[in-house]
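Both of the next two complexes hold subunit A, though its partner changes from subunit B to subunit C.
Our next item is the complex of A and B:
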């Protein structure tokens, strides 16, 4: 099988949600910014950056949580020369690469049109890309690990959306202690203690790496994948 | 009626035995306690809890409903499409059981089973609070909040969670649902057009405000009624008991409409 054919196949197996989620997230964020009647460009800029920091990571996180448990005959996958976890990791890479394309294009448009600069906490055009990258990888890692552990896209999606909503509803409480601040997903648009932003972003990246490692360990146990499904 | 009862029973048993139906709310509650700032902890702290039992348990209902309903909707999103995915739908369609009755039974059974951990968690905390503070009336308020706030909201969410994935992939539905939940419940009406504080408010703004006379933990919040300068104010009548019952009725009717729509989509595909 030629590599390109393989990647195209994995992109199809990642599903429609992985393909449609990120652009839809950006579109809804733009609509929300446009519908906001509050005066001042800062608020609009905040909602636009919020599409990058809140909506895109949510779409990517749920898509990555839905990767495990989609194959109708996983036994065949387990007999292939390529390990199944490498296959799933490839599908996660495809999902995240597509998410990154949408996020970078959106950021480029915001920078070119000046909306990026109108949000005071934008952290510049280069380091500022961590606005979407860190929470996207953090939630995607959580989703991938939850999908591997539960083998249920429903449970993984539920967990990702709950964590996301919990930080939305209780953003202030989440920032009351150091651990909560370091793990806060929306530090760019909803505030971080000055000096905490870089530490927060790096912590999210480290947590993402930890979750992916956990998922790979769990997925290495083939018998779990062909055992009783949590339908 | 037999069909509804039979499919209710097997859907309920099937769903209630799923580990994730219990693990997801349990993990959500652990995270909720860890993050702090909620009544899950404050109920047992004399310095932080509301002075009245009614405010304490109704506030608890609001917080548990706001958070756990997200997992509830996500867990239900694969129930109806599952029959097609496992290729059992044609077999079920070949039975004499009417599809509409099977859908009603599936809806009620899966909803009841997925709601069970939420109800258990709510009454667990409310009961612990009632014992801790020697306030037996807390049970009464908890029952009232369950009946007029949590149950209508869950019925509304469950109907859409079952049927929307017939036309939108389930993972995408989960993303859109949590976005809707935040937008339609928590966004202030003067920030952007939203169903928040309208009669279509699954968090239960009108029943909270009027039927339970709940105005937030600090007693200063308004959950329903018109907002100066906001769009969609025609959906925000003045908060009266009639408007509160209307709000509950609207949620139930919309749930029935969603189920009817799902039934029509399935009927077209079978043909």
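Our next item is the complex of A and C:
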């Protein structure tokens, strides 16, 4: 199988949620910014960056959570020479690559139109890309690991959405201790202790790597992927 | 001569030829043996008497049913309670239930029927319970466990000592977690691609709507009990602002019902993956409208009001769920996991 064919196949297997989620998330942010009744360009800029930091990570997290547990050909995959966790890792890479394309294009438009600079905590056009990259990888890693453990897209999606929603409402409480500050997903647009932003972003990246490693360990026990139905 | 033996045995040979065969048989033992075989076959193929009167057969079956309360011989699966595919045979075989009321002769056996009526009334209930047990076994253990874990996460966030949470945190946590947990579970109830019994379900004579209702009752019922238990725990623990259980329940009941109903409707039409994505998207809009982006604007107020517990919201939820159940009997979900090959 040619590499391009293989990647196209993996993109199809990643599903519609992975394809449609990120563009719809950006569209939601644009609509919210357009409908924003509050005065001031700063508020509108915050909403637009919020689409990158809040909506896109949620879409990617749910999509990555649905990669395990919905493959109709899992038994055939498990008989193939390629390990199934490598296959799932490819699908996660496809999902995240598509998410990154949408996020970078959106960020480029915001930078070109000046909306990026209108938010005081933007952290520049280069390092500022961690605005969406860190929470996207953090929630995607959580979703991927939850999907591997639960083998249920619904359970993984519910967990990712609940964590995301709790952080939305309890942001102030999260700022009151170090762990909460470092693991806070929305440090760019919802505020962070000055000087904590870079540490927060790096911590989220490290946590994402830990979740992916956990998922790979769990997926190494391939009999778990098909075992329960036989009980 | 051998070619004439079948017709001779069947009695359809002309008289002249019959005489020739008869004369031959007297001197040929081999043909006599072959004729005996043909006569045996003819004896089996020919009915011994006139065909039975259908009316008498039906009357006899009804009489037997009224006397012993059995479903009769028309549906052998009925006496086993469940058909091979796991569904109740009462739904599959019309002879098992409703067909008894028609014939006039049945009235004379009313006394016996009355004695058996209680048993017949209990039979659908037994079949339904058997169906619930069968469907409960198909739900993977990890689904309720994951739902419980997510709810426990929310409860622990409120109960564990840590950073000071804002007032009304208990209500907020339940309102955030319960709806999305239930909606995600409901999204997977309709023809999930990993349903181990998907092909059996597609082939069973039991109504797909009945199966969907049973699954829905199991999944949604479990999540409902889970949220009620979480509310009770938070109230009993003396969490600030959580003394009123009714207020706690009101925080999540309406949103949970509406989001689950919408999730079901989308799952029936577009499949479980789209339903999960849509439920997450709708809930994200609700969360953002209520706390982050444009809190004081009328669109945000409208969205927050729409995701609350009130009689109209519960009615809309029930109507949406009913529409989903009705639609579930019509074809297969667009682009979903089809039980048959696409035409």
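For the reader, a short list of remarks on this structure follows.
Just so it is clear, the second predicted complex is superposed on the first by the 227 of 231 C-alpha atoms of A that agree within 3 Å, B and C clash if a C-alpha of one lies under 4 Å from a C-alpha of the other, contacts with A are read in each partner's own complex, and residues count from 1 in each chain.
As a working rule, a residue touches a chain if its C-beta (ideal position, glycine included) is under 8 Å from a C-beta of that chain, and two chains touch if they have at least 3 such contacts.
Being a predicted model, the structure only gives us computed values, none of them experimental.
Aligning the two structures on subunit A places subunit B and subunit C in clashing positions. Of the two partner chains placed by the overlay, only subunit C lies in contact with A:190; subunit B stays clear of it. In the superposed model, A:69 lies in contact with subunit C only, and not with subunit B. In the superposition on chain A, A:138 makes contact with neither subunit B nor subunit C.
Contacts of A:128 after superposition on the shared chain: neither subunit B nor subunit C is touched.
Of the two partner chains placed by the overlay, neither subunit B nor subunit C lies in contact with A:147. In the superposition on chain A, contact of A:50 is made with subunit C only, not with subunit B.
Residues 15-17, 20-21, 24, 28, 32, 35-38, 55, 58, 62, 66, 150, 152-155, 157-159, 161-166, 168-170, 172-174, 176-177, 180 of subunit A lie at the contact with subunit B in one complex and at the contact with subunit C in the other. Across the interface of their complex, subunit B is touched by residues 15-18, 20-21, 24-25, 28, 32, 35-38, 55, 58-59, 62-63, 65-66, 150, 152-155, 157-159, 161-170, 172-174, 176-177, 180, 230-231 of subunit A. Residues 18-20, 23-24, 27-28, 31-32, 35-38, 66-68, 70-71, 74-75, 77-78, 82, 86, 169-172, 174-179, 181-183, 186, 190-193, 229 of subunit B touch subunit A in their complex. Against subunit A, in their complex, subunit C makes its touches with residues 140-143, 145-147, 149-150, 153-154, 157, 162-166, 169, 172-173, 176-177, 180-181, 184-185, 187-188, 193-194, 196, 272-274, 276-277, 280-281, 283-285, 287-288, 290-294, 296-299, 337.
In the complex of the two chains, the subunit A residues touching subunit C come out as 15-17, 20-21, 24, 28, 32, 35-38, 47, 50, 54-55, 58, 62, 66, 69-70, 72, 146, 150-159, 161-166, 168-170, 172-174, 176-177, 180, 190, 228-229.
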